[in-house]
Amino acid sequence: MSTFIQAVVAGIAAGAVYGLLGAGFSLAYKTTGIINFAHGDIAMLGAYVTFSVFGWGAPLFVAALAGVVAGGLAGAVMERGVLRPLYKRPLVAGILATVGVSVVLQSVIQLVWGSLPLTLPSLASSTPWRIGSVAFSPAQAVLLAVTIIVSTALIFAVDRTRVGRGMRACAQDSGVVVLFGISPERLYLTAFAIAGMLAGLAGALITPTIGLTPSRGVSLSVLGFAAAVLGGLGSVTGAIVGGIAIAVLRNLASVYVSAGYADAVAYLAIVLVLLVRVRGLLGDDLETVRSV
Amino acid sequence: MPATGSSQRSEEAAAPAAAPLAEEHAARHARAARRGLATILGDRGVPGRQRPLLTRLIAVALLVQVVPGLVSGPNLLTLNLACVYAMAAIGLSIVFSLGGFVSVAQAAVMAVGGYILILLFGPTVGFPVALLLAGLGGALVSALTGIVGARVKSHYFILISLALAETIQLVITNATSVTGGANGVGLKAPASVLGLDLGLPTDYFRFITILTFVVIYLADSLRASRAGLALRAQTVDGYLALAAGVAIGRYRIMATAIGGVFAGLAGGMVAIRDGYLGPQNFGLDTSILLLLMVVIAGTGRAGSVVVSALILTFLSQGLLTLTSTGTLIYGMGLIVLIIFAPEGLGGLPRLARGALGRLGARRAGTASDDGGER
Amino acid sequence: MVSHIKWAGAAMVGAAALAAVGCGGSDKTSSASDAGSANAVKVAIVQPYSGDSAYYGEYADQAFKLAMEELGSTPGGHAITFVRGDSKCVPTAAVQAGNQVLAQSPVAVMAPACSGDTLALKPLLKARNVSACSINLHPEITEANGKIVRAAPSDAFTNELFAKYIADKGVKKIGILHDTSGYGQGNVDTLVSSLEKNGVKVAVNATYDFADTDYSGQIVKLKKAKVDAAYFEGYDLAAGNLVKQAKQLQLDVPYYANTNAGNDTAEKAAGKSLDGVLFATAFLADSSDATRKFTATWQQKFNQAPNSDSVDLYQCAVVILKAIEATGKNATGATVGEQMAKVSAPGVTVGTMAFDASGDLNDPPVLIGTWKDGKAVLVDRLSGAE
Amino acid sequence: MSAGEIGLELRDVSVQFGGIHAVQGVDFSVAPSRVHGLVGPNGSGKTTILNAICGFVGSDGEIEVGGARIDGMGSYGRMRRGLGRTFQNPRPARELTVRDLLRIGEHDRKAQPWWQVALTPRAADRALRESNERASRLLAMVDIGPGLLEQQLVNLPAGVLKMVDIARALMGAPRVLLLDEPTSGMNDVEIDLLHAALRELSGDSLTILLVEHNLRFMFDICDSMTVLATGRVVGHGTPTEVFQREEVIHAYMGSSTASVHESRPHPVEPSAG
């Protein structure tokens, strides 16, 4: 039993970061309809900036903030420079453009910081507390706490603020947002900036655990995407739940099934959820009746 | 009986009904026709009819004879790889532009074909049989994505194809006793077919060129057939296809299966080319590269996919290796191309012809007559 | 008509692409001398030059640079041109890169630092009759009359001694985590068989993926199995991360690790968690006069500390240069290969590098090291003279 | 025109969207060679009934074409039983030409395995020529020359696109033709052409079900009508009967009914066939 609890607890802590990645992914998707495969690379950029600022002698907390800002900037620049002409184009154009951005970010990181792996110290001690036979470290607690605070603030912002409501309206019909007194362009920019900040934060948070390598971003993008889809594309709460569910599932699968196939088990679960959910929602292969 | 009769009879008597208005009507259509002149001139020929087979055969014969003399060493090897990628990309273009699926599993489908070939081919199973089975295996796995994917929307399909791709990777990596795991597995015997020794880059080129042309021919045939047309209609407007009596689900699964055959064959040919297979080269990056080939080619004929496969393979083997700057240029080029050439390479000649057509129309003044008929 | 124009256009674009790559794509020359001169030879370096393992390519270039400064840049009067192939630490990419560089007829090859890459290259080397020097630890890299010499100890050799060392520490039941790379698989296979020979039970033998960010599932699995020791295999960063995460989850048993845990990156990732972790390695900066001298030179020249990979790559560079020197006028893949097999060259981790019939180092070093106050220190020497 | 035959019949057809009844208990039948109109205000369920007949939305109740039940079949099965259907707003696919669209319309009539094109190109060419001829004849009926076949759909004016869409539906040689707002986007000239063509078509045993906002057009062409309000049938009858009934007028158009009565019938000869 304690093994089970330990696997779940460790999964929750690890999954919180996937959730943050997924939340940013989801927010950008919800507003613009773009699936951003550079999301993980923005996270890595944020992490590398955190590394550098920390290296200049700034406190870790300040360095992490710099990483968040860098992520936000990267998101905004990407929206302005790359994605803006692509909203009306087919899904695949947007996807491949973000793949292009991912390639660019990776090579920029490699040019600036080199390919040698780098590392960052944790925000808090990684010496664990022992609760019963379950270990839980302050570092994990900080990670979880930051995720909860940030995602709560985000959900609140999306629900209550004018910009947030605009984003939700945007998901339905970009024409409607004009009624909120906001231009859709500004909303898109805001959404990507916030998504970038979330990515930067996730990067800064996850680096102490995994270290920095230029191409790590790809697997972070995939994790964020999986979390967002499992939680339901477009929902911030869903993404957090999805991220945690994936991590817990993987942990349980590697303890009780097979470590080698843990990812496969997680993917299988996602596909099953998708099949049930999507069929339940749509009933047929065509989403809605042609509008009259 | 009554069904066909109805349209038959009405056709005969239709003309007189609107006789007084015919002139104005004709003028309107002439105007419309003129407006679309450039597009008509740029049309890809009569759909449903292929370039004469003889021309193709001569082209293959020429390529097979001439190219191995002109290209050698590393470039010939890269050319061979480009042909392999072209086959897989043509398959993906069927999945994508006819099936309507954005799949990131094409490289994994290649892996299935590749492993089938490398594990089966040996003293007991001949090369042609093993290659056919590779194609068949690719078809089955790819059809699986179609069966599952027909139930979900496109964004979710990407994740489903991703899940399949990752699972195939995991199986290959973990089933070490069969696949050799990450260390990969070597070819058991040298392959030869039609008197060609496929271990030699020149003979390999001859065979893969023939194979690629067969794939191009089949893909173009599919596209030109009524089934291909029904699939194209379905990607644009599902209701239109339904209203025409197209069994959408079945057709889309067929598209994924056919795309999978080509990927399976390509995977098998990778195994022959390298004499070795490992799981790593069938990863997400290869799938994305194939998707790029398809998108950059535009949704045109298989021939343009071959061109973009050539360009991207040589780029990825040359520019992309050894330096980060090369990768940077590649990434930026990618973004620029996607933004500024919405229809890919296939669209570039059309853009050019459109400009020419406008120019020509202005000069000729009344080009509308032959514009309609061509 | 139109379609013909289109095809002509396509052909032109294709030809342009061919020409562009043919002219500038595949190799960089770093020798000052004229490549066309009669005595010029090509040496192929197949290494990861892009991706996460690109630092191996950097090390390899640095190793040749240093070796050519010390031994002269024209061994035996041959001007050396380097042809580089990017193996990306991906076996299939290694085959492709290998095909590309071997098509340019090099006389010797510096084999890629990732074992899987080199294993995949082996048949090509045989087919082209070119020899390579490798730093890979995987047991199957070398074989009798093979085309590869190895300037590092095989994992089979190291792990036989290491397993006995672990057993002697009183370990009865061990849990192993390793990655799914070719190197990881080979390393653990030899370790497991040696451990079992020494009566140590392998209770868990689980894998993780390169792309994984979180190993808690695997570590909990070790806890569940109640092992009394753990062995962590991984490339530098992963080795460090594994140790750190295991400490965090309170897997309170002695840790053992592969050679990569002795590299700086692992220490940066894991910090104090690495203290007391015992790893088997061939190189420790502070283990002998030769290593101390080499460390100082490398540090001064490249402004970074050498590790077991860079020192082995340097040794390979020396072997290749010495073999070319010994060949005399007629340097081909075959003749240089012969000389490589019977070379006798000064080494760093061993006094004199010489190879046995299967291409393995004679009297290879096996050191047990650990981390103490941010420094890798020697605990024990299981093989090899100081 | 055999009186006992039935082209299309709906019995107690209902459609629900998440608990809301969009269409409830609709009955009507149309004989071959007849044009039947569905009228009602926006949201009264006209197009939903068309969608239900085609199987685009799930429905309860019985639907028969030519005396055979088609409810329970998939869309494509129903089309193969002789349904044809046009759309209010045909989406012009950029890469499709008029010829392509018409060939798609022929889909269920002529099965052609895709490899036929590859293996027997001559037979494929022959099939293509045949379908071109059919397409040309159909287009001629609405006074469109064969030159338009090569035209891309996006370049067509809205009215012509609608005509082409109708021709597309006819390529499948249906027994029952469902028309969704065919005149929207057409000018008067085109409406006249359409009128003549539909008369011509129904002259043979084609059954036509029409959803249309152009009341004058409806009045002129329909043999019978069903009036709908909020998903229910509120009346049946000939156009003259229907437009005289108080509740129909009220349910249908409110104030604008006056224009129907005042307008003279359009001067088109209904006896052209």
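Residue numbering begins at 1 within each chain, and the chains themselves are lettered A, B, C and D in the order written.
By our rule, contacts are C-beta pairs under 8 Å (C-beta built on N, C-alpha and C of every residue); 3 or more make two chains touch, one makes a residue touch a chain.
This structure is a prediction, so every number in the text was calculated from the model and none was measured.
A.B. asks: Show me the overlap between the contact partners of chain B and those of chain C.
C.D. replies: Shared contacts of chain B and chain C: A.
A.B. asks: Identify the chain pair with more contacting C-beta pairs: A-B or B-D.
C.D. replies: If we tally the contacting C-beta pairs, B-D comes out ahead.
A.B. asks: Report the inter-chain centroid distance for chain A and chain B in whole angstrom, where each centroid is the mean of the CA atoms.
C.D. replies: Taking the mean C-alpha position of each chain, the two centres sit 33 Å apart.
A.B. asks: Where the CA atoms of chain B average out and where those of chain D average out, how many Å apart are those spots?
C.D. replies: Roughly 37 Å, centre to centre.
A.B. asks: Find the geometric centre of each of chain C and chain D from their Cα atoms only, then give the gap between the two centres in Å, rounded to an integer.
C.D. replies: 73
A.B. asks: On a C-alpha centroid basis, what's the spacing between chain A and chain D, in Å?
C.D. replies: A distance of 49 Å separates the two centres.
A.B. asks: Please list all residues of chain B that touch 2 or more other chains.
C.D. replies: Within chain B, the residues that touch at least two other chains are 43, 170, 173-174, 239, 242, 248, 324, 327.
A.B. asks: So which bits of chain D are touching at least two other chains?
C.D. replies: 56, 87
A.B. asks: Could you tell me which residues belong to chain C and also touch two or more other chains?
C.D. replies: Those would be 50, 54, 180, 207, 209.
A.B. asks: Which chain B residues qualify as touching chain C in the complex?
C.D. replies: 41-45, 51, 71-75, 77-79, 81, 170, 173-174, 176, 181-184, 186, 270, 274-278, 280-281, 303-304, 306-307, 310-311, 314-315, 317-324, 327, 345, 349, 353
A.B. asks: Under the definition above, what is the set of chain C residues touching chain A in their complex?
C.D. replies: Residue positions touching the partner: 50-55, 58, 177, 180, 206-209, 211-214, 216-221, 223-224, 236-237, 240-241, 244-245, 247-250, 265, 268-269, 271, 273.
A.B. asks: Taking the touch rule as given, give the residues of chain A at its contact with chain B in the complex, in rising order.
C.D. replies: The contact residues of chain A facing chain B are 29, 35, 82, 85-86, 89, 91-93, 95-97, 99-104, 106-108, 110-111, 218, 222, 225-226, 229, 233, 258, 260-261, 263-264, 267-268, 270-271, 274-275, 278-279, 282, 285-287, 290.
A.B. asks: Would you mind writing out the residues of chain B in touch with chain D in their complex?
C.D. replies: Spelled out, the residues of chain B in touch with chain D are 2-11, 13-18, 21-22, 24-26, 28-29, 32-33, 35-36, 39-40, 43, 46-50, 53, 217-218, 221-222, 224-230, 232-233, 236-237, 239-248, 299, 371-374.
A.B. asks: Which positions of chain B touch chain A when the two form their complex?
C.D. replies: Listed in rising order, the residues are 96, 102, 148, 150-156, 158-160, 162-163, 166-167, 170-171, 173-174, 238-239, 242, 248-249, 284-285, 288, 291-292, 295, 324-325, 327-328, 330-332, 334-335, 338-339, 342.
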